[in-house]
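Which chain is which? They are A, B, C, D, E and F, in the order written, and residues in each are numbered from 1.
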Amino acid sequence: MKSERYNKGWEKLKEVDGSAGEKVIESLKDIAPEFADLLIEFPFGDIYSREKLDLKSREIATIATLTVMGNVTEQLKVHIHAGLNVGCTKEEIVEIIIQMSVYGGFPCALNGLFAMKEIFNNDR
Amino acid sequence: MKSERYNKGWEKLKEVDGSAGEKVIESLKDIAPEFADLLIEFPFGDIYSREKLDLKSREIATIATLTVMGNVTEQLKVHIHAGLNVGCTKEEIVEIIIQMSVYGGFPCALNGLFAMKEIFNNDR
Amino acid sequence: MKSERYNKGWEKLKEVDGSAGEKVIESLKDIAPEFADLLIEFPFGDIYSREKLDLKSREIATIATLTVMGNVTEQLKVHIHAGLNVGCTKEEIVEIIIQMSVYGGFPCALNGLFAMKEIFNNDR
Amino acid sequence: MKSERYNKGWEKLKEVDGSAGEKVIESLKDIAPEFADLLIEFPFGDIYSREKLDLKSREIATIATLTVMGNVTEQLKVHIHAGLNVGCTKEEIVEIIIQMSVYGGFPCALNGLFAMKEIFNNDR
Amino acid sequence: MKSERYNKGWEKLKEVDGSAGEKVIESLKDIAPEFADLLIEFPFGDIYSREKLDLKSREIATIATLTVMGNVTEQLKVHIHAGLNVGCTKEEIVEIIIQMSVYGGFPCALNGLFAMKEIFNNDR
Amino acid sequence: MKSERYNKGWEKLKEVDGSAGEKVIESLKDIAPEFADLLIEFPFGDIYSREKLDLKSREIATIATLTVMGNVTEQLKVHIHAGLNVGCTKEEIVEIIIQMSVYGGFPCALNGLFAMKEIFNNDR
């Protein structure tokens, strides 16, 4: 049986982006199933569930960060989806990524936009 | 005479955080005054002036990023001030920094909170 | 009342480096006391408490990482102390930091050694 | 004729992971054969050959670091192999990567686990 | 109609590497055409057009940086091409990347050399 | 007695920046004297001594990289000195740092310029 934190985290993850969550948990099943639990419990159960910041603001912060980290394209795509899901428009997300040229440099911003492009090409 | 972009950037910078802007420009005067111009023109004239994202969302994105970069404490402090200036509450900024423990790790989040603490101790 | 995870984490943190833990919690009290709880609960309650890896190996991994991140000197110092506490010798820690010249470059290794030097100069 | 350091480095590299070493040297032959020599001489001849730290501890440090750097997946895979080769269990390596969620964030840990999964899927 | 900065930037980009520039602008057309303008205007119109540093020195600086960033392989390839275009020899570029083993570590240098190898294999 | 590589490295280091080298070696004496040897032997004996790239180009590459790494200010200052020593003008170094705003973002460039300013204020 899963912990209360897990259940709370799972509910929050579904609110943010349910199908991505299911895919990640599935992908961890044969290598580190316990990390799937930690991933639900800490980021979603402990952090995203806190009420002090709305989900749209949380996704703005995460999209910006993952763009600048530059080496986590798959997670950036998940959070672009999540951002759209919790109320960001496509234009706003493009704008966040463009702004990152100031802080992480042009190559990071460029790669962020290419990640976004892939999402929209696949969704069409 | 400064360019129109410079003037637009300067107006925007004042809206975001006028006194920090003046300090930075002052500090660049004897080493690279032209970089002060570029700093007004590109980040503030070209980017923050675009209308596709509100200033509060822009500062959320920037505070998150600078927390995770971890090596730009002075700029993080400037943008914590700016965030407060354009409508973030203290609680929201603390929350953004806490959330960064998920993406940049606990040491970055910890240092972000210490930067915030310094601001509030100095302002008292 | 604190959660069971908190209590487990606190016991583990004391085993690793009790006095450093107390200082960090104290330092967060006026800015983000809830983050102090998260810091005990996740890294120490959820991760360091897992039995699949001994504490000495955990500190080797952490000292290596913080050396290469390069922007978290205070946390590196805490974990150099912790490493000594759980069975690393001074020579082994120096050696881990030296090895990081291969992965994070010479400047990071150099700064790691300077952090170590500060600890030994202060402890004398 | 190769230098004594080269020969010492080559012996050490074989002890750590001989087949990976041969592949890298082969892959550098047409673009930068001298860098292949430097790679044997410095990391393996000068560093891994030092007797102050056992090879298992060295691989723990390296796996942790490469997980957090996040942009060097191929090298991480080489060192996961090397870790298994010098006495780490699969469970210990998974645990090191999981621990990195605390220092480099969840996306890095997730990508480290996916690298590990690829190795185990290919080896089957 | 494009701005004077745009035109100046475009001329400079053509001098550095015209065909790469056209490809990037083309690739941004359906996702963020305005970022294509910013990319011409700021890096090439404002920075590379300044007369205080020759283009060869600029490309040396950029190739070094992109090698160490490690997560921007496509942009590194563009600037390896650009370096050859403005007067660097193949041997000099290999040497810059090798030198980065000192500052960004061996994995970054190795990946830089692999990027270079791809260019030369494709061009043959 | 030191190795031939050491002697070659030491000569090269003196050519680049003798007094900084002596300070670093001195500072490592009580914590990791063998790392001082490695620092002379690999970066200066093995890399900077290679004849395929002139010292001015090497320092341009290093100043750019250390600016973007952002967490190694002391080493950046050493290499700004070294750059001046091997033929870069002050204006060229300022220009390299300004250019890094494109690749590492504005905060890194700003901090690079502040490091440069400190050097010129101290030297006056």
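FYI, contacts are C-beta pairs under 8 Å (C-beta built on N, C-alpha and C of every residue); 3 or more make two chains touch, one makes a residue touch a chain.
Not measured: the values here are computed from a predicted model.
K.L.:
Where the contacts of chain D and chain E overlap, which chains show up?
P.N.:
A, B, C, F
K.L.:
What chains do chain D and chain F have as common neighbours?
P.N.:
A, B, C, E
K.L.:
Mind checking the centre-to-centre distance between chain B and chain D? Centres are C-alpha means, answer in whole Å.
P.N.:
Going by mean C-alpha positions, chain B sits 39 Å from chain D.
K.L.:
Between chain B and chain C, what's the gap in Å when you average each chain's C-alpha atoms?
P.N.:
Distance between chain centres, rounded to whole Å: 30 Å.
K.L.:
Roughly how far is chain C from chain D, centre to centre by C-alpha average, rounded to an integer in Å?
P.N.:
23
K.L.:
Where in chain C do residues touch two or more of the other chains?
P.N.:
38, 42-43, 47, 66, 68-71, 94, 98, 101-107 - these are the residues of chain C that touch more than one other chain.
K.L.:
Considering only which chains touch which, how would you classify the arrangement: line, ring, star, complete or other?
P.N.:
Here the contact pattern is complete, since every chain touches every other one.
K.L.:
Along chain F, where are the residues that touch chain C in the complex?
P.N.:
24, 27-28, 30-32, 34-35, 38-39, 42-43, 66, 69-72, 74-75
K.L.:
Can you list the residues on chain A that touch chain F in the complex?
P.N.:
68, 101-107
K.L.:
Of all residues in chain E, which touch chain B in the complex?
P.N.:
It is residues 38, 41-42, 46-47 of chain E that touch chain B.
K.L.:
Okay, in this complex, where on chain D does chain C touch?
P.N.:
42-43, 47-48, 50, 52-53, 57-58, 60-69, 91-92, 94-96, 98-104
K.L.:
Touching chain A in the complex: which residues of chain D?
P.N.:
Residues 70-71, 94, 97-98, 101, 105-111, 113-114, 116-117, 120 of chain D touch chain A in their complex.
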